[in-house]
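Shared chain: chain A. Partners: chain B in the first complex, chain C in the second.
The block that comes next holds the complex of A and B.
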């Protein structure tokens, strides 16, 4: 798609300009990965390095996770998909970064790749992946294959509303306006048909698989605590073992620690090596926070953290 | 209902069973713990199933306290604090309110029967209410049965 090549060119030009002028010490973006269907994060400190920046369907990572450390070395520009921009809002709100420390470069996003969707196509010798029409075009040794967005894109992209990003210093391109293909909370509707015993059994199966690798925690921009509650030993909140009950404790507590802070980038679920359906937890808490406190994480940097504030009219256990 | 009639009702309706719920209550020092103490000094009869953990303020209570209780096999958990506006530390209970009301929904979502978790306000003068709350929680937990574990059927 000619337009998306333009975005990549525009991004490189902007990044070079920011570095040449000395406005930022580093531009955090994406570059080609070691395999054609994955990208890698790029920390470009010179205009030459900035020429390696890419913007294509493989750019799934939420780069906001690098910010709290990166800003310690100077001003940072970061490439963000519109959905990732909310992470910056939360980091500013919690004083992990200052607004002036970061230049948010928001790129227009048609949708990013789901590796599951790609592997289902069973294509060999993949050379490159680019946006085409409503989906993607995959160039292989044998030719080109187009995949429609229902199969190609990550689940979150199929329910994306493509609204304005919460925060953007520079915008490169526009996200195409399109109707969401499905409701973001459809998985919750299905889940809530289960009885309490069925739900416990569901999570038993999920948490049997958890190996406590903490990939979900590592990739999450909101998980920046220098000492996580699971790392404590003197006050042992939860066993370090992978017993399903201990795993339950970790994920429950993490869900509450992220309440009103998770912007739904879905990275946790994407990186989980054993495919735990973490988005169910995130979505449930998100929908409750919105319902009970009329609060949207990642929307307003001036808003107070939802569990760090209160109102007289909050839901009450014994309303008068 | 007059106090004497309530006490009588509590005494006659409890029947001996093999299993007794093990309940834990996190009570704030200034209101709910004092309310519990008043229930005691008033010699009110209420089920003996509740173990009490006193905290300085209900704001000290995080979801991890409640989760720990269920993880350890308590059949039911009570969290009680001062009424909104009456917190000894001005606003601790407002934070508790948001936290616990949200957490209550998450607990139910995860398959822990809502009857097992009770979040309420009990003031230092509400000895009767405290007895009532423990009575109600005990009965509710008896109905749902022994807790088999956070991820067990």
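The block that comes next holds the complex of A and C.
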């Protein structure tokens, strides 16, 4: 899409301007990865480095994860997909960054790649990936292949509403208006039909393969605690062993810690080396918070954290 | 022993004939994840291209392993020390990289007293049948760090997929014993030729050797790359947890009332608390020190200490890193002049 190429050019120009004028110390964005189907985070401190910024379907990372550390350098600009912008709202709400510390550059997003969508291809043969029509075009040694969005894009992209991002200082391009292909909570439909015993068995099977690498925690912008509960040894909350009880406790406690704070970026599930369905867990907690408290994380920077505040209308299931 | 072949249809009953004597461990795919698991249903074996998400590490050093348990009664304690493998095991479908990694870990664990009897007991009681990688992944670079893909180490027999059958070479007396089963027939000239074709095709997709051990002698402790890697590295630990040569563990005790025990579990130098000392000092306080440590340990300290590189080029860290830290690019930059 010529328009998307314009977004990349516009992004570079804006980043250079911010760095040249000294408005920001660093622009955090994406650059080309070591292979054509991946990108890498870029911390551009000079206009020359800003020229390496890219914006294409491989830009899957939620860069908000870097902010609490990065703002210690000074003012920071960060490239965000509209979905990622919600992370900034939460970080501001929880005083991990000040509103003035960050310039949020929100890029228009047609959808980002899921590598599963390329599973039938020889990844080693890919030359480039770009947005095309409603999906992507992949150039290989043998020619070009177009892949429709239902196959190419991450699950979250297929239910994206592409509304206005909750927060944006600069907008580069617009997300194309389109019908979501499916409901955001479609994966919950099957799940909610399960009885408690079936759900227990489902998660027991998922967590059995957890190796406690903590990649889910490391990639999550909401997991910024300087000392995570699992790392505490003096008061031990959860055993370091990977036995079923310990794994269960880690994941369920983390889900509770994220209740009302997780904005559904899906990075946890993307990075999990054993493919635990973490976004399903996040979505379930999300919908419960929505039902109970009529609260949407990542939407309103002025709102108080839902589990850190009390309102008279909060549900009180205890009988009189 | 001359080379043999086994028809793919006969694999199942060959493994079945061994099932009485061996616990069979092979790659199994569940929910899209392939890991080495004990199998009873041999039709579930999934010889995926390369390599399985799980290495052989868990087969020899489980993610969590009880070292001993105790029960107190009065002033006496009954202690039960764990034994390792109680049955002989056979790994079917191991990759050359993972088998070579075991030889590396052997060298590391042999270097100390007391000897890790749990690990070595399992090593002695586990036969390994490897499978040549006909279709190396985009992230594979084993040929860059060694020649074990074509000259395998750490395994008893090496199979190569040549269509409707697997070509089989015995590499040890144990391997000869395994290949003397009736399902194996002598390999023909045509079979040997087919193996050559498969080998050639795979090698054409893989990089040339680089002497990283020699290059590591001049790695720069203060290279600007460390600060840059530290910026984007999340400290997540996936690289270490999927790495077949990684071998570090933590030891923890647990006690509840009169019962308790000690276990060990995987750990990684990529976690902040790994080098945190009791008095509060941490010699690797930031990701800069920790990312440097990973590279130096594998490519510099290992050859210095054990005369073996600490990386087998399996590429799992490359494929799994959420922020595309690609060790091949890191080494290129470290080793470039100017």
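Please note the rule applied: the second predicted complex is superposed on the first by the 312 of 320 C-alpha atoms of A that agree within 3 Å, B and C clash if a C-alpha of one lies under 4 Å from a C-alpha of the other, contacts with A are read in each partner's own complex, and residues count from 1 in each chain.
Criterion: a residue touches a chain if its C-beta (ideal position, glycine included) is under 8 Å from a C-beta of that chain, and two chains touch if they have at least 3 such contacts.
Predicted model, so just to flag it, every value in this text is computed and none were measured.
Superposition of the two structures on chain A leaves chain B and chain C fitting side by side, clash-free. By the touch criterion defined above, A:306 reaches chain B but does not reach chain C. Of the two partner chains placed by the overlay, neither chain B nor chain C lies in contact with A:142.
Residue contacts after overlaying the shared chain place A:196 against chain B, while chain C stays out of touching range.
Seen from the CA centre of chain A, the centres of chain B and chain C span an angle of about 90°, rounded to a multiple of 10.
When the two complexes are overlaid on their common chain A, residue A:285 makes contact with chain B while staying clear of chain C.
Within the superposed three-chain model, A:234 lies out of touch with both chain B and chain C [touch as defined at top]. In the superposed model, A:212 makes contact with chain C only, not with chain B.
Residue contacts after overlaying the shared chain place A:248 against chain B, while chain C stays out of touching range. Distance between chain B and chain C in the overlay is 10 Å (nearest C-alpha pair, rounded to whole angstrom). Chain A residues in contact with chain B (one complex) as well as with chain C (other complex) do not exist.
Against chain B, in their complex, chain A makes its touches with residues 192, 194-204, 207, 229, 237-238, 244-245, 248-249, 252-253, 255-256, 259, 281, 284-285, 288-289, 292-293, 306-308, 310, 312, 314-318. Interface residues of chain A facing chain C in the complex, by the touch rule stated above, are 33-35, 38-41, 43, 61, 65-66, 116, 122-124, 206, 209, 211-215, 217-219, 231, 239-243, 267, 270-271, 273-275. Per the touch definition, chain B reaches chain A in the complex via residues 62-64, 67-68, 71, 84, 91, 94-95, 97-103, 105-106, 108-113, 119-121, 149-153.
Within the complex formed with chain A, the residues of chain C that make contact are 30-33, 35, 53, 63-64, 137-138, 205, 228, 231-232, 234-238, 240-242, 250, 252, 254, 263, 265-266, 271-273, 318, 320, 322-326, 328-329.
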